[in-house]
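The same subunit A turns up in both complexes below, where it pairs with subunit B and then with subunit C.
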Partner chain A sequence: MFNKVKLKFRNLNPITKGFLCVIYILIFSFFCKSWQIGLVMNLFVLLSCLFIDEDVIQLIISLKKILLLLIIVAIFQGFSGNEFNYVNALSTIFRIIGVFFVATLYTKVSTQNELLYFWEKCFKPLKLFGVSSSEYALTMVIAIRFLPVFMDEIERIKIAQIARGAKLKTNSIVSAINFMPLLIPILTQAIMRSEELADAMEVRGYSTERPRSLYKKYSFGKYDFLTIFFTTIIIVVLAYIK
Partner chain B sequence: MILNLTDINISFGKNHFLGPINASFENGCLNLIVGRSGSGKSTLLKLLAGFHKEFTGSITLDYDKFIPDGNISLTFQNPETIFFNSTVFDEVSYSLKISNLKENEIKEKTNKWLKTWGLSSALYSEKYPFNLSGGEKRRVALAACTILEPKVILLDEPLAGLDRVGQKDLSEIINSLAKEHIVIIVTHEPELLINNNSHILFIDGVYTKEFNVNDFLSKAIQNSDFYPLPEWYVENLKYYVNSQKLPIVKAEEVANFLENQKNK
Partner chain C sequence: MILFDRVSFCYNKNQETSFILKEVSFSFKKGAVNGLIGKNGCGKSTIARLIVGLLEPSDGKITITDEFNAKPYYFSGMIFQNPDNQIVGTTIGDDIAFGLENFNLSSDEINDSINKAASLFHFENMLDIPVSKLSGGQKQMLCIASVIALNPCWIVFDEPTSHLDPWARIEFWKIINELVINKTIGIIVISQLPEDINRFDNICVLNDGEIYFNDSVNKFKELKSLPYGIEFPEGWKLEKLLEDEK
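So, the complex of A and B:
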């Protein structure tokens, strides 16, 4: 039963998912003024992982990717007055962590098609000014989806270096210097890949000029209304506290 | 030099995948790993190269613990996997550059090495590796991975996608490398590489066994399910399976062998 519920929450309408992502990022940015609210909101986001079948521990571990950013921001925020202000530093850290959690969960539970669908809808008003919404949406989605491709490419190069007899344990500064001349070839290969991707899409009949049909129809269900309802309650409560 | 594998058991997560493997690989001969697709040959190479960490057992090089760190090279089945530079020269010379050699030494050694692998530096140095033909890519990958001449050289399907002349050329180069290095090759076509002092590790799921050339050929002639040798070879030699020294899979060797048998 609970698994069914998890599946329902995971497969919400793409517009609901996108809307919630934007709303929660705004909440973390503008409503979480104190560290207590920030902490509660982060706990709420972690709790919501249980309903969308995501690993809470993995999500917390993924924070190490932004650890340096958190430390730098905490130092700057903390030393903004005469003495170190822990409250300021903590509340800023919780806001950044919240935005990171929400964005991570959104990209984890959304497929490329769902992202495309949401952004197409968002850009639709631009059609009034003669701008192709689907083209902009596709550009954004590919930009998001290409980041893991870049990471894979860097990993592949590391393996290629070891496969040629490079030492596994080297000084990180030395390995970074060794890596610099490879940035241009990596970019060149990424551009070549994007050209291949464009060709592959065109030969399969993709065009942003013509209206396109959708294989999967997205509809609003009770779980969509339920999540929007809860979010509204949270906004009201936060506005009241403020 | 001798690389010893003792009770190696490979797993993926909680699932046992392959083993126990007990084998030893030496320099001075070609060490061939043979088996069906998906039997674990390439995984064993990745383990030796240090890319696959989930295993138990011990690996020793000259009876000291073997840690793959700058002393191995691995050429993948798909040569493009290791390409990341913009020219063939940069690709091949990369290992020398990270070894802090002088520029003129790098140039000299790279040009010499390109020539060894049948790539004229005048023609290929400035070419983009991804634009080469399949056979040329393979030569560049092999040259790039072996230029440092590490103690252990691991090759995954080094002759795949090459024409017959290319296969003959490369097998000669690989044979010459094997004199001073431990060369371990995963192959689906051992008959192209096999010579009289080859050493064969046969892998089939959890079953692994070492063979010398004669035992391997004899078993394959008797049972094509074990390993399917070319039909002409099996037809000509099926009456000599108990021979102490079967010829390798080369027409000339087989003809000489049959001639000798007739004269007896």
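So, the complex of A and C:
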């Protein structure tokens, strides 16, 4: 039974998912002024992982990716006054963690088609200015799809440079300068890949001038209304506390 | 049938010396594996791009005489060398669907075509699997499935086996042979590998933008010499040596 509920929450309408992601990022940005509210909201996001079948531990571990950023921000926020202000540092950290959790969960529970669907709807008003919404949405989705490919490519080029005597493994600032020669092959590869991808897409009938259809149908269900209702309550409560 | 009638092509029209193809006339027929070989820069990939409409001929005419197979009434597809550079979707299902969505088909029609194409390549239970988890061979198969889902009259393979291991190559040629037997899809394979020449039924040899040879593989075997950069498969060379000894 609970598994069915988890599946329902995971497969919410893409517009609901995207809307919730934006709303919670805004909540963390503007409503979580105190560290207590930040902590409660973060716990709420972690609790919601249980309803969308995501691993809470893995999500917490993924924080190490932004650990350096958190430390730097905490230091800057803490020393903003005459003495170190723990409350200020903590509330800022919780806000950043919250935004990170929400963005991570959104990309984890959304497929490429769902992202495309939501972004296409978001960019639709741009049509008034002659900008193709579907084109921009597809560009963003393809950029996400190619991130792991480019990470592999960078690793491959890095290994090739190390094999030819480049010193890229040291952890000094000088090593950052040593990374400069990697930029040209990475850029060249990126351009070549994008050209071939553009050809492949054109051969498979892609055109910005023709309308496209989506093979997955998305509808609003009771779980969509339930989550929106819950979020509205949270916003009202937070506005009242504020 | 694909007919090339005195087709010329150059990338820079201001320079007469930059002709990649010089008034070439030849044809490809369905029901056989049509091979296109030649050394680097001789115009093989240009011919492929001309067939699928990515390029327009500078002069001459290309005619496809075949009738459409089925919806979405699509003439010719192309499989590029590197599968990583042509997969658009993040999952197998998404990638097969991409081409079909471009033709504005209904959701039911798309799902139908996805299931048919996926079952041909044993992907039917893997539609939600991320593309990043597939092997090189499986990615190449996905590219073929994505094009076959569009029911093309012709498929052009641009050096399709260069990224495959020997076992994946065997699997690839099995699928190509099945397509040839069905006769619904015409096959053109561009390759530089001598071992692939063994698999062709007809061979077209390009040399410096001109047709050097265009006939059956048996007649190709009888050729005394080949243009610089092209070689017979090792097996054929051994056969010839044995015949000479007899």
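Structure notes:
The rule is short, and it goes like this: the second predicted complex is superposed on the first by the 213 of 242 C-alpha atoms of A that agree within 3 Å, B and C clash if a C-alpha of one lies under 4 Å from a C-alpha of the other, contacts with A are read in each partner's own complex, and residues count from 1 in each chain.
The rule we apply is simple: a residue touches a chain if its C-beta (ideal position, glycine included) is under 8 Å from a C-beta of that chain, and two chains touch if they have at least 3 such contacts.
Just so it is clear, the structure is predicted and the values come from calculations on it, not from any experiment.
By the touch criterion defined above, A:222 reaches neither subunit B nor subunit C.
When the shared chain is aligned, no partner comes close enough to touch A:64: not subunit B, not subunit C. When the shared chain is aligned, subunit C comes close enough to touch A:200, but subunit B does not. When the shared chain is aligned, no partner comes close enough to touch A:4: not subunit B, not subunit C. Contact with subunit B, but none with subunit C, is seen for A:157 once the two complexes are overlaid on the shared chain. Taking subunit B and subunit C in turn and counting the residues of subunit A each one touches, the greater count comes from C. Annotation: subunit A has no residue touching subunit B in one complex and subunit C in the other. Interface residues of subunit A facing subunit C in the complex, by the touch rule stated above, are 111-113, 142, 144-145, 148-149, 193, 196-197, 199-207, 210-217. Residue ranges of subunit C in contact with subunit A, taken from their complex: 49, 52-54, 72, 74, 77-78, 80, 82, 84-91, 94, 97-107, 110-111, 114, 131-132, 146-147, 150. In the complex of the two chains, the subunit A residues touching subunit B come out as 156-157, 159-169, 178, 182, 184-186, 188-189, 192. Residues 49-51, 68-76, 81-86, 94-95, 98, 130, 144-145, 147-148, 150 of subunit B touch subunit A in their complex.
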